[in-house]
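Quick one: this structure, given as structure tokens, is what I'll be asking you about.
So that you can tell them apart, the chains are marked A, B and C in the order they are listed, and the count of residues begins at 1 in each.
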Amino acid sequence: MEWISKALEKVRKRKPLVQNITNFVVMNTTANALLAIGASPVMAHARDELEDMLRIADSLVVNIGTPDEHWIASMEKAVKIASEMKKPIILDPVGAGATKLRTETALKLLEIGDITILRGNFDEIAALLGEHGKTRGVDSTTYEKDKAKELAFIAAKEFNTVVAVTGPVDYVSDGREVYAIYNGHEMLGRVTGTGCMVTAITGAFAAVEEPLRAAVSALVVFGIAAEKAYEEAKYPGSFHVKLYDWLYRINGELINKMERVRKVEP
Amino acid sequence: MEWISKALEKVRKRKPLVQNITNFVVMNTTANALLAIGASPVMAHARDELEDMLRIADSLVVNIGTPDEHWIASMEKAVKIASEMKKPIILDPVGAGATKLRTETALKLLEIGDITILRGNFDEIAALLGEHGKTRGVDSTTYEKDKAKELAFIAAKEFNTVVAVTGPVDYVSDGREVYAIYNGHEMLGRVTGTGCMVTAITGAFAAVEEPLRAAVSALVVFGIAAEKAYEEAKYPGSFHVKLYDWLYRINGELINKMERVRKVEP
Amino acid sequence: MEWISKALEKVRKRKPLVQNITNFVVMNTTANALLAIGASPVMAHARDELEDMLRIADSLVVNIGTPDEHWIASMEKAVKIASEMKKPIILDPVGAGATKLRTETALKLLEIGDITILRGNFDEIAALLGEHGKTRGVDSTTYEKDKAKELAFIAAKEFNTVVAVTGPVDYVSDGREVYAIYNGHEMLGRVTGTGCMVTAITGAFAAVEEPLRAAVSALVVFGIAAEKAYEEAKYPGSFHVKLYDWLYRINGELINKMERVRKVEP
């Protein structure tokens, strides 16, 4: 779809400043993913500087992957400020369902702020909807294709936001339309934080494009980069390196050739 | 030895969920090492979610590499809970001997919980035994082969746990038997957190195998992966990348061909 | 200049222990950069162990990239102790100017301690001098060559320290002399934390060489490593990997062939 490569062009041209409150595991990798795609990352979590930083930021990414009381307080404050400032907010509820703290933290952030895009795997989003009791860490293990589509659609309506449920096939919905994205590669499961990377990149797209298209574009671009990376590297260490290379190299021509997105019935 | 490749098979089949409370420097690299070997990593440190997370985890890895009062309190709580739940606990006393805080933290964790495997370099384990006053950061500088063997053996008896003293030759003991592992490569010393990686991987093996064999298997597998990585890459950046590749690629055939383990007299 | 390769030789020979209080994004990458160049990194931030760690350290690197009240308190304590111990202290005021917290934190550290070298981009150093109101995150966007030279010179006099203003051309001054360094590569801007890496490496050089030469040497060595890395890898993931390789491979011969340093009029 034409608008995906257009969205990437906009990211590259405007170099949005993406403010991240993310987890310790992926701070480096998400910053590198944002730089590779052409955006400008910043990481700040001190409550005393959130307002200053959000004023110059183009979007906010909140990722609850290594939560504790101090960081949760920062996330809450950041989500409130960004909501007031009408900045796009992307939420990654890492491990929701695995522990009560994570489920509750994600639900509270959804409640107190105006979350633009919610990006999680099947178990995480399902846990937030209360349909599902347990997730196994941050892996997506109980994915089922038809259920994933339904989940994205229902969660989008329930939380009044765009929801991206990622897995073997990714589904993105705003509660009216649903897109299915077939791009990606299973080797992504062997590198930590690839879900967090796509969430961060979604923050870059959300700064330059409306939410539904931003979420779809980020998943397509990231998925194609992963496919190209795997063409060059079959093992996780090398694949990880090539993933950044292809986030940098990907362009409109490649997107138009390789995108596998379809608008599907809800 | 036959059981090493068997242990690796078990890790790959069961994909144990390894809960880590580790240091900021290596969060990403240890998660990637666990994923590459076939395990499933999770990182959680909030006191409010430790019980939930440990309930679904198959083992706990505690690494004191960047300690402070908040994280130490989490480590203590996690070790207590995991002990009650009878989950395998692996302790990496990074920098013990370099500062009083680290030595005392490690000793306290050994005291309050049922540590399954203690993995450190010569100076760290020696400091814990009180034989040694100073270590130079996290490097292993004062290693001596015969002393290392003795140290593993004595520390295992003293702390009533399996002890792995790593260095040019690694020694693992449960206070009765001692294994010497000659696998590994000195280029590991030029990449940060490779000791922490092997500790994390030990957590994966301890989830599927009894402690002595788990510790030996982890060191052999990691050591061979390092040797293979060096065959392909002679410099630290590239070597680091290939290390993940080989943690993913290593198999029983390679282990049987390359393992250099011997059971030695205490 | 002869003394640059000499300084590198000293780093490799003495393997200085560089104590870092740095940001979450770059803990792993700065440790790896230090190891690659031949130094020995340690990361410690607990107020209870700072004195122990600084006693054995050869220099202190403080980087305010992800500040909060707890970490700032540690930075202040570390700077005070290291000043008393007369250890070289390198300060990287990441994001000064972007938020009031960062500007004030950096200024306070300059005030309470004896900072040996201050290393930042144009906007950061300018913000500290109060000439400049806003920086855009951690990017250096408003760089101007002549102004950068002047800035380094004035800031060095103002703060009574060596100042390195990095950008397309780097300027280093002690308030009397000014050096211009033309080494480096723009691909460094596509990898997170490369500024932090050169600050960390400056800590290694400052442990073995007087401040002005230490700062120049670090920038030249890092810049040449980047140029060599780019010869081998044109995309950011692969470039990042090769950067460590070349920090390890760089030697006196390469430095003498490739250095582009000039002493310039203030």
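The rule is simple: a contact is a pair of C-beta atoms (placed from the backbone, for glycine too) under 8 Å apart; a residue touches a chain by one contact, two chains touch by 3 or more.
All values derive from a computational prediction rather than experimental measurement.
> What topology does the chain contact graph adopt: line, ring, star, complete, or other?
Its topology is that of a complete graph.
> Are the two sides of the chain A and chain B contact the same residues or different ones, given that same means over half of the numbers occur on both copies?
Here the answer is different, because the shared fraction of interface numbers falls below one half.
> When the centre of a chain is set as the mean of its C-alpha atoms, what distance in Å lies between chain A and chain B?
33
> Two-or-more-chain contact residues of chain A, please, as numbers and ranges.
Within chain A, residues 24, 28, 70, 240-241 contact more than one other chain.
> Which chain B residues qualify as touching chain C in the complex?
23-26, 28-29, 65-70, 95, 98-102, 134, 136-139, 189-193, 235-238, 240-241
> Within their complex, state which residues of chain A touch chain C.
Residues of chain A touching chain C: 17, 24, 27-28, 31-32, 35-36, 40-49, 52-53, 56-57, 70, 240-246, 248-249.
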